[in-house]
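Shown below is the structure under consideration.
A, B, C, D and E are the chain letters, set down in written order, and residue numbers restart from 1 in every chain.
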Amino acid sequence: MSKTNDKPDSLTPKPILELYSFGEQHFEKHLIQDLDALKPFLEKKDLKFWLNISSIHDSNLILEIADLLSIHPMVIEDITNTSQRPKIEEFDDHIFVLVKMLYSKNSISEIQTEQVSILFGQNYILSFQETPQDIFDNVRIRLENPKGKMRKLGSDYFTYVLVDAIIDEYFGILELISDTVEKYDDQILQNKSNINLNTIHHQRKTLRRIRSSIWPLRELISIWKKSEHPLIKRKNMTYINDIYEHTIEILEGLELQRETMNSLAELYMTQLSIKQNEVMKTLTVIATIFIPLTFIAGIYGMNFKFMPELEWKYSYPTLWLIFILITVMMIRYFKQKKWF
Amino acid sequence: MSKTNDKPDSLTPKPILELYSFGEQHFEKHLIQDLDALKPFLEKKDLKFWLNISSIHDSNLILEIADLLSIHPMVIEDITNTSQRPKIEEFDDHIFVLVKMLYSKNSISEIQTEQVSILFGQNYILSFQETPQDIFDNVRIRLENPKGKMRKLGSDYFTYVLVDAIIDEYFGILELISDTVEKYDDQILQNKSNINLNTIHHQRKTLRRIRSSIWPLRELISIWKKSEHPLIKRKNMTYINDIYEHTIEILEGLELQRETMNSLAELYMTQLSIKQNEVMKTLTVIATIFIPLTFIAGIYGMNFKFMPELEWKYSYPTLWLIFILITVMMIRYFKQKKWF
Amino acid sequence: MSKTNDKPDSLTPKPILELYSFGEQHFEKHLIQDLDALKPFLEKKDLKFWLNISSIHDSNLILEIADLLSIHPMVIEDITNTSQRPKIEEFDDHIFVLVKMLYSKNSISEIQTEQVSILFGQNYILSFQETPQDIFDNVRIRLENPKGKMRKLGSDYFTYVLVDAIIDEYFGILELISDTVEKYDDQILQNKSNINLNTIHHQRKTLRRIRSSIWPLRELISIWKKSEHPLIKRKNMTYINDIYEHTIEILEGLELQRETMNSLAELYMTQLSIKQNEVMKTLTVIATIFIPLTFIAGIYGMNFKFMPELEWKYSYPTLWLIFILITVMMIRYFKQKKWF
Amino acid sequence: MSKTNDKPDSLTPKPILELYSFGEQHFEKHLIQDLDALKPFLEKKDLKFWLNISSIHDSNLILEIADLLSIHPMVIEDITNTSQRPKIEEFDDHIFVLVKMLYSKNSISEIQTEQVSILFGQNYILSFQETPQDIFDNVRIRLENPKGKMRKLGSDYFTYVLVDAIIDEYFGILELISDTVEKYDDQILQNKSNINLNTIHHQRKTLRRIRSSIWPLRELISIWKKSEHPLIKRKNMTYINDIYEHTIEILEGLELQRETMNSLAELYMTQLSIKQNEVMKTLTVIATIFIPLTFIAGIYGMNFKFMPELEWKYSYPTLWLIFILITVMMIRYFKQKKWF
Amino acid sequence: MSKTNDKPDSLTPKPILELYSFGEQHFEKHLIQDLDALKPFLEKKDLKFWLNISSIHDSNLILEIADLLSIHPMVIEDITNTSQRPKIEEFDDHIFVLVKMLYSKNSISEIQTEQVSILFGQNYILSFQETPQDIFDNVRIRLENPKGKMRKLGSDYFTYVLVDAIIDEYFGILELISDTVEKYDDQILQNKSNINLNTIHHQRKTLRRIRSSIWPLRELISIWKKSEHPLIKRKNMTYINDIYEHTIEILEGLELQRETMNSLAELYMTQLSIKQNEVMKTLTVIATIFIPLTFIAGIYGMNFKFMPELEWKYSYPTLWLIFILITVMMIRYFKQKKWF
């Protein structure tokens, strides 16, 4: 009941309503501004229409539509509240499907989530986008094709095509993620230290966020598959299976990327330990060789009156021999321990 | 059978009993002090009433109510024992629903849990709060609206509205948690070392505690959805689906926060390792350069009688050259190893 | 078939058999020594009896009882073999329930596990304890109450009361664990280094052991709930739901403690790393400052004949200036790196 | 709908179509170039044929086949799009099975994945390979055997044989992986430091990739087992169970390898820590012994006018005694601490 | 179809075939060499027989048996191929059960896995062992007992006894593992550094291997329990429940050991960190105290002409005071930091 962000302020421009009326032999397109223009199409029982509304901020408009098609108030709330999980809800004469669209221009960090609500009845399909996006362009083209299945098959097939268009976008996102992970993979494997851990942390957050947008789709589709609603036809089940397969594929792909990311983070930590080990070995080798030598030099730097060695002629070269001997022995010891 | 904390001591003030009697055309509100005032409303079969009791410590009162409405002793125990898990239990002529309310003033650490028990029959709804809280204010306003659905639909819808009011509070809590996690995220990413690990540890504990308060709701609602009790009407199922969706949403949100917190703790550890590596490198570079030099200086600090170099005129500048040479070579070596 | 530890040696004292014969208007208690005293009560079909046997080591006795009540040999084996998992098994005219009792005097490390077997038929309840424990004291008191439900409801209710008494003990154990974990929590958060890691390790083992004793109860109760055995009455299902809720509550509580313990161990490790980091920083700061200074002092400790600086009047104070300058610069550098 | 990579460019050579027409008493083999040669075999209802197409890039050919056998367009898409997950799809008069073939020449890193699509109807089996591979050689031999079951049993059995040939390859791959993991195991256990962590990282990635190719097979087979399609005969279920068992065996084998790999990575990290500990101990022992000694030597290297010890005759040998004493005590202390 | 390792080479000795013919009043035992001796027993419908074959390498023999009892070729393959997963398979007039036997002489590392196949029909039980093992000794004894249930109950009960004998061995293995883990536990807790990490790694591998041998038993038994095959009698279900309970118990025991092992490995790592911390602290304390002192001594070892302190009479004792002062302050600082 909470969390609605409908801002019906007068500043937002009147949303564009694309109306497509179509039948097997018929196709017309209208850009309408108010619902009066829609009413005649409601009567034509032999034709179907698709109404695409590319904004959900004009709540009056949505309430009008709800009135016109006697939509449950709960559905209206779901359409206008953009923090919903993907879901399907069946009503007597229409079915409500809500999915998340993902799109991005170039990089993972710019991935945007948008909510798309679809409502279909016997002879109409309504779709609500948060902002005008071009994901349905391909659908429009297919609809213009008079021999296409969209003209012939029912509104559940039409909804399938819309959902499929959205899921197709996911593959692009998945590829974007794969490429990024692959790039990190290369950088870490080549031991480039300029990798930014914070970025990995953010990638993981993005991955989790995307996953939580797609995950509920599984449930949605499995409800669809089991549904016995008259609007959902058995013969179109192959298509539903298809988007089910795609969803599973996307989720498995995301999981694979997540695991690779975890494995990368682990590898990074191990490399860090290896490097630290190397640093420590260097310090230890140098210190272990020179600290005893310095001590010996220190001894003969003492100013005692009575130090017999100081007077002896060969003390100095002898000491050098000792220095070299100690060093060689130490190096041998470290070599044997494989610290070099 | 254990763990009841009913303290019916005479000091606790008599709890306030808010009584709302309502029908489609009817609405009255009473603040009553004892149950005698309630009895007449029990008779009015054409009206429903909602009795909100904002204290569970007067066990006599609760036993009286139980007597009046022939409530199962197990339910009485559940109402007065505040360590119950959320649950639903069906009886012949009433249904018992127990949920946890969460509220907080400002910070995560102040999140309080309170138990709310709801019992509804054909024409009554009883709700028991641990302490007088204002979560049902909105419900009261909606109830006063003569055109609202609360007046028309059954007591299961009324219960839905109460539970929904409680779940709405969860979203506030979730937001509070998200904000806190986001704050930590920023602090860790900016490498601010003043972050307090203990706080993260406590956040995790809070998260776990909240989760365990909400998690059983899933089961509760799924029992509700499958219920064939006459008090639960099919036509109100859309509303139940709605709170189901909200519960899942909250749980997924909590899970997301938990994962982010884990990822943050891991990031913190990695940063710690990186810092340690840096510290070690500094030590190693300085020590590795100067320890051999100090040794050489130590050699010529020895007091042997016969050290030819001491007498030689250019010894001192030559040694400086050697010092500089060694330093440059070392620095080059470290640069090549990327320790700078 | 294996793992029986029945030691029917003649040294173990004859176990005490408490016999309670009861009906709605009837109650008598006997301490009997052999089964002949039991036989008359088997005949009284209008009365029920409860036989509590506080030892399972007299296998002859148990075989006699089995004979008397025609109990399946598998059940006998289960009763005498104390390494069984909790389970329920239905037979034609009786039902066998096996649960684990947990009790402890003061600390987690002293938690004991004991097996309690319950067998109930139409008009009898047998309970077998490993050793005489007082967990059923409360049951005895309730049984003496002539108005109590134990006198009226069936033997499945009686079994519920026994199992509930056992589960009630779990809450005490859970509280004991919570207190211990809370204590560790405080100690680690306050960075007291005297915490004993081995104790944490043992706590975890105890937690796992307890969990594995309670976990199978879920299955047991869910079989009970689904059972269609004539001895299990629908109307008593509320009580079964109650112990189901309690079991889940205990298990969730244990899980919470386990997670807190893991989180504590992790926190401990992180604190260790932070401390090590601090130690390393101290070493590095001191070494990095003084090693170069010592080198410089070493230079002017050399005994070369021709070292112009040695003769110069202001060499010594100049060098002090250089020492101070280097130190200040180093400290500044470390401050900037936040190593202080 | 996306992700097709059919490149019907004119350069790819015309794929080879192997046609096997067979019955219990009949067997003939043809290499055909176009589908006209196939048509006569479609008519012979008393014979079955197997058409193996070793390329999926000639989309015209595949569309022609689809036309000839009235295959659903979705299936055509699945055949030509090689990024599909293994699946089974039932149609009125044929069943579509898509699996992944894995093969490798020598090492894990060269493991290739290829898609094999099988379509079988009452009297035909079509199989599509991405590239001409020899995995079906064994099938061909068995088919030539006039007494073999392939001639007698239905096309579902024939499909089983094809899938089984593919799954058989998995065992080889699994063995390859086991050998590699075993090799790493040996190397790490023998503490050979030349192990390449990056290789482990890549092995894990390969393991994940292979697993994701095989995992969906479980679902595929379980759908097959539950299927009530007339083409799937109950009496051949034993064979399906067989490939189910094999798939589970492969997956469990992969899981075992994955766990061993994780355990190895962990072991490697621990060994690293142990080594670092050893390095640190060496440094600490040497430094802790010689730093105080050097200090003492330094004291008597000071040039104060008034240092009584300098004049004393036995200072020098006394100091040597002190040096030796300190060293011995230190070594004892370290021995006691087990740092040696 | 793959992975058979039947080596029917002529060198392997003719396997021994133990034949037990029995009825309620009848028992005879024969050691037969070929199947001709078996045939007469096939006719006796009033008697059952158990044929135990302690080798699976004579494939001719197994084929002969298969012929005699018309066993499915798939089963023959399963019997001779020792890399099968435990499973149950039902046929018209017999049921095939395949389980894994585990046995060990003394230590975990010597645990051997062997495959045991059991095939039972109305009046016969066949069992195939890989090598002659004595696990069925107890079964033989029980069979000789004329009053035993093995003589009376059906061949499914007989199979239960065989499987139970195999599962009984698991308890010994589990105990062996517990003892080993307990031993490690003690060693690590007492901080004995001579523990061999590689051994832990191998234990884990063994644990995983054993688990994968036992895990499929759950599925096997649950299929058995749900089976409606006429050879499986309802009244013997208590026995099946018994082996189900045992299997779960074993698996939970293994899981407990696995968790303890993980917890031990973690504890070991933490101890390593604690030790490293201690080493570092020692180094830091010594270095931090003596490095500044050495520097000061170094200053007064310089040979400048003009160093006023050198001439001053009390310089040397003053310096000693300074040395002591610095040391005391340092030690206090470290004490306060709890580095001692």
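Definition applied: a contact is a pair of C-beta atoms (placed from the backbone, for glycine too) under 8 Å apart; a residue touches a chain by one contact, two chains touch by 3 or more.
By chain, with names taken from UniProt: A, B, C, D, E = Magnesium transport protein CorA.
Note that the coordinates shown come from a computational prediction; the quantities given were computed from them, not determined experimentally.
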item	value
Distance from chain C to chain A - Cα centre to Cα centre, in angstrom	41
Rounded Å distance, chain A centre to chain B centre (Cα mean)	26
Junction residues of chain D, two or more chains touched	273, 276, 280, 283, 287, 291, 294, 298, 301-303, 307
Chain-level touch network, classified as line, ring, star, complete or other	ring
Chain ring listed from chain A, with chain D in second place	A, D, E, C, B
Sites on chain B touched by chain C in the complex	1-3, 72, 74, 83-85, 87, 89, 193, 197-198, 201, 204-205, 208-209, 212, 215-216, 265, 268-269, 272-273, 275-276, 278-280, 282-283, 286-287, 290-291, 293-294, 297-298, 300-303, 307, 309-316, 319
Chain A residues touching chain D - in the complex, by the definition given at the top	164, 168, 171, 189, 238-239, 241-242, 245, 248-249, 252, 256, 259-260, 263-264, 266-267, 270-271, 273-274, 276-277, 280-281, 283-284, 287-288, 291-292, 294-295, 298-299, 301-307, 338-339
